[in-house]
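First up is the structure itself, then whatever we jot down about it.
So that you can tell them apart, the chains are marked A, B, C and D in the order they are listed, and the count of residues begins at 1 in each.
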C-alpha cells in the first residue's frame, strides 16, 4: 500500500449511471486483479474505495456506479489529479484457476474480473465469463471480455438481453474453478450452485481501506478477517455467511 | 444585497502578502465605495468579507491581505468562478465631503478608499490622501491614487519610505472632511487628531455579513449597530469606543 | 403531487421548514431576497424581558463544516419586539411565527412568554432553556431536569399558545430532559441548540471568542443532532422539531425519519441566505426520489 | 532549533504526537509506510479481557468533516495481545506504547490493565471508560462520576504504570468527571472519545450503522474537544492528553494552548495514513511561525 497521485485522462458513462474513469500514474503497473484503490475527494472526509478494472503500464481503469455523493462527484470530473491509496486488498490468486476457469460477475461486480480475465488469457487459460445485469440498458463490457477471447454469456433478470434470469441460470456445464464478484445475494447463489472451489470478492463499508480501523471486519472459518486488507477476496472454503439481521 | 457569480480574471501579489484579485460580473456596476462582498470558498464554511477596492462596468477589484486559511486559499486561485454576496454594507457617503476631503488609509484599510477617491475626483473635489504602512516593502497603490489626481502622502512606521511615523503624523493643515479605514488603533488615533467631522470604516469578525446573525454588533451613540449592515462606515459623531478588554 | 404539509401542535404548516432563531433575525434581510411566505414558519430572534446588547465581540469563529457563535441573546426586549418588530414582521410574513423566549429566572420566562403569547401573530412559544452563551442563565435551566420541568410548568400555566421547549445537547441524557419537559406540560420539544465549543487564536494565544466558549452549529453537528432527535422521539409522545446542521432537503427527510415533525434550519441561512427557499423548492423532488408521497408518512420512520 | 519534547506522566516523548487507539491498529500497516518511531508514542487498539469480534457491519458512516464508527472493541483478548501483538509491535516500534483498556466490569478493567502493565513495552495504561459502541459497558463507567472513580481507584491499586483515564464527551459536566478520576488516583486524563451520533439510510429508512448509533470523530468535533480539554485542564492538576479532530500541527498547538500535554491523532490516520508523520514533520515549522521555542512553554497558555 502507498499513496500515489494520478491524473484523470478519461471519464465517461458506459450506461446511464455506470462510468469509466481512466487515470495515468506510474503506480498503475503495481496493481493486481481484485485489488482496489481508495480515492480522496475534495469536500468528502472518507476516501472512496473503487475496484481496479484494469491496469497496464501507467494506465489505470476504474469502473464505478453513481450511488452516492462520492461517485456522483467523480462522475462530474473532467480532468485533474486525484490522491489514491493503491495496492489495497489481497486480490485474486490466478494460480488456482486450473485450465478452464469461470468468471462470474454481477453489475458493478463485473469490472474487477476484466483484469483477471486478461491475465488468465495471457497464461493460456480457456476462460469462461458469465455477466449478470438487471436489464439490457445496464449491460457493459461484454465486448471487452469477448475481445480478450473469453467465451461470454450475458444474463439479464428481465430477459431484455441474453439469457433471461440470474447468473446462476447461465452457468456452463464444465469449468475448473470459479472467480466471482457481485452483490451478496448473487454471491450466496453462486456459492450454493457451483460445483468447484472458487474465490469470492466481497464489498463492505470501509473506514480506512488498509486494515487500521477494523471497520469492515467479517467472520470466516479461519477467523476474523478485514475485507479491506485480508480480503476483499475470500476462498470459498473459508466463507461464513452471516444470517441477515 | 444579492448573490452573484463572478469570474476571476486576475489575481496577483502587490506586496509579499497583499494580493489584488480582479473579477468580472454584471453586478459589479451596482457596488458603492465602502461596501464589501462576502465570498464563498470551497472547503470553508463561512464566507469571507472583502472590501470593494474598485468597481467599474462589470469589473470588480478586490485587494486582500493573506492572514488566514481563506485569504491563503484566495491567493492561490488562478481562475474560475466565485459566489459572492454583493451590495453589503452602507458604504461611504460622498455627499458630505465638502470641497477638500481627506482620505486616510492604513494597510489593508487603503483599498476601499480608492473607489471613493475616484468618485470624489469625478465630482471635482480636491482630494487629499494619506496612506500609512509599516515599512517600504508593504506600500501599495500610491501611484494609483496619484493617477486619479489626488495629492498623496505616504507614511511608514519605520521611516523606510515617505514620512516617518503614523498617518496621524502626516496629516495636512487643511481639509473639509475625513474618510478613513484601517486597524482600530489607527482609527482611534485619527479620531483624536482630526479637526473636522468624518466617516470611519470598521472591521469585525462576521457570521453572515448581511445583518441576520448579530455576530458583529457594536454600541454607538445612536444605539446598537451591526457592522455588516448598519456599517461598516460610522459617522465620527456616533462612534463609541469600547475599552479594550 | 408531493404533499409537504405537516401539523405542528395543532397548526398546519405548508412545509416543515422553519428558519431557526438567531439565524434569521426578524426575517427582513431574507424578505429582500425571496418571498419568505414559502416557509412553513420561522422562529424569530430570541426575546428576553429586558433589552440586551449581548456579548462583546468577537462573537463568531469558524470551524470545520461549522461555526461558533457567542452572540448572547442580543435583542431589544419584549416590549419593543411587540411594539415594533412584530408589526414590521407582519408586513413580510403572513403566517404564524414562532416566538423564541429566553430568560434568567422563571419569572423572566413567564413574563416574556405570556406577553408574546398574547400576540395574534405568534403561533408557538419556543422556550429556549439552552443558550450556551449567557452566564447564569439560559443553559442552566436546560441541563437539570428539575429546573427544566419547573420553568416549563410555570410557562405552561401562563400561556395559551402551544409551548415548545428548546433543549441543549450539552447533557448526558437528552431523553431524560425531554421527558421532564413533556410531563411538565410541554406541547413539543425542539433540539438541538448549539454544542458548546471553542477555538484559540494561535498568535494571541487567547480564545478567539471574547466569551471564551461559543455554540457550535453547522453540518458538523448534524449526526449528533440526528441522534438526539431520534432518542427524544423514541422517549416522548409530543412532536419533536429537529435542528442542527440541516443544509438540504435530504437532511430534512433524514431528520423526519429520525422522528422530527418539523425541521429548523440554522447556520446554513448565514452562508447561503437562500438556503431555506432552496430546501423548500428541492423537497418535492427529494420526496419523489425516495418514494415519499406524504411527508407525514415518514415521521419517525426509522424509529 | 524547536524543542518538541514533552513529558507525559514521567516518561519523556520526543514529541507530543500519539496516534489514538482504534485508528492505528497495532501500527503494522503504518510501519509499511514510514518509520513509526518518529512518533512520541502510540495507543494501540483497545484490549479487553476476552477476545471480541465487535459489532455487526456496517460499522462505518461518513458525516460532514467527520465519520461515525461502531466497531465495538474488536480485539483478540489480552492474552493474545501479550503473547502475539506486543512482540510483533516491538519489532516496528521501539518506544513505550500506550495500552488502551476496555471492560464490562471493574474486575475486567483491573485484570486486563494489570496484565498489560506487567509488559515492559507498555508505558501507560489508557483506561477507556468511554466507548459509546458497546452496550452495558464502556461508556456507562464514563458518564457517572461514582463509577468512574470506582474503576479508576481499583485499577490504580492494581497497576504500577502511569494510569490515564480516557473520558467520553457525552456528559453534561466534563470537569466533574475529570476531577472524580483525579481524586481516585488517575495520573492523567485523555479526551475526548467520540461524540455519540447517527445517520439514516434514506432509501432503506433504517439507521446506516447496524449498531444504530456510532461515535463521531474527525475535524467536525475539534471545537468541542478543544473546549473540553480547556475545561478539564482548568479543573485538574494532572496532565491532559487532548484529542478529537486533530489534523494538523496547528491543531496540535491549539490543543496544547488549551491545556494538553500530549495530543492524540485519530480519524485523520484513516484518511491520510501519513497524517501523524506529516504532523511531526510540520511541527517545528509551525512552532517557529508562532514564536514557540519549547513546546512545553505553551501547555495551557490560553487558560
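Please note the rule applied: contacts are C-beta pairs under 8 Å (C-beta built on N, C-alpha and C of every residue); 3 or more make two chains touch, one makes a residue touch a chain.
For clarity, every value in this text was computed on a predicted model and none was experimentally measured.
When chain centres are defined as mean Cα coordinates, B lies farthest from subunit A. A separation of 57 Å divides the Cα centre of subunit A from that of subunit B.
Distance from the subunit A centre to the subunit C centre is 46 Å, each centre being the mean of its Cα atoms. Centre-to-centre separation between subunit C and subunit D, using Cα means, comes to 34 Å. With centres defined as mean CA coordinates, subunit C is found 36 Å away from subunit B.
Residue positions of subunit C with contacts to 2 or more other chains are 61, 63-66, 218-219.
Arrangement of the chains shown, judged by which pairs touch: one closed cycle in which each chain has exactly two touching partners. Interface note: chains touch in the pairs A-B, A-D, B-C, C-D. Chain contact summary for the complex, subunit A toward subunit D: residues 1-3, 40, 44-47, 85, 204-208, 210-219, 224, 229, 242, 245. Subunit A meets subunit B in the complex at residues 42-43. Those residues of subunit C lying in contact with subunit B across their complex are 22-25, 28-30, 32-33, 45, 53-54, 56-67, 69, 71, 74, 210, 218-219, 267, 269-274. Across the complex, subunit C meets subunit D through its residues 61, 63-66, 68, 143, 170-172, 195-200, 202-203, 205-207, 213, 216, 218-224, 226-227, 230, 245, 250, 253-254, 257-258, 290, 298, 301-302.
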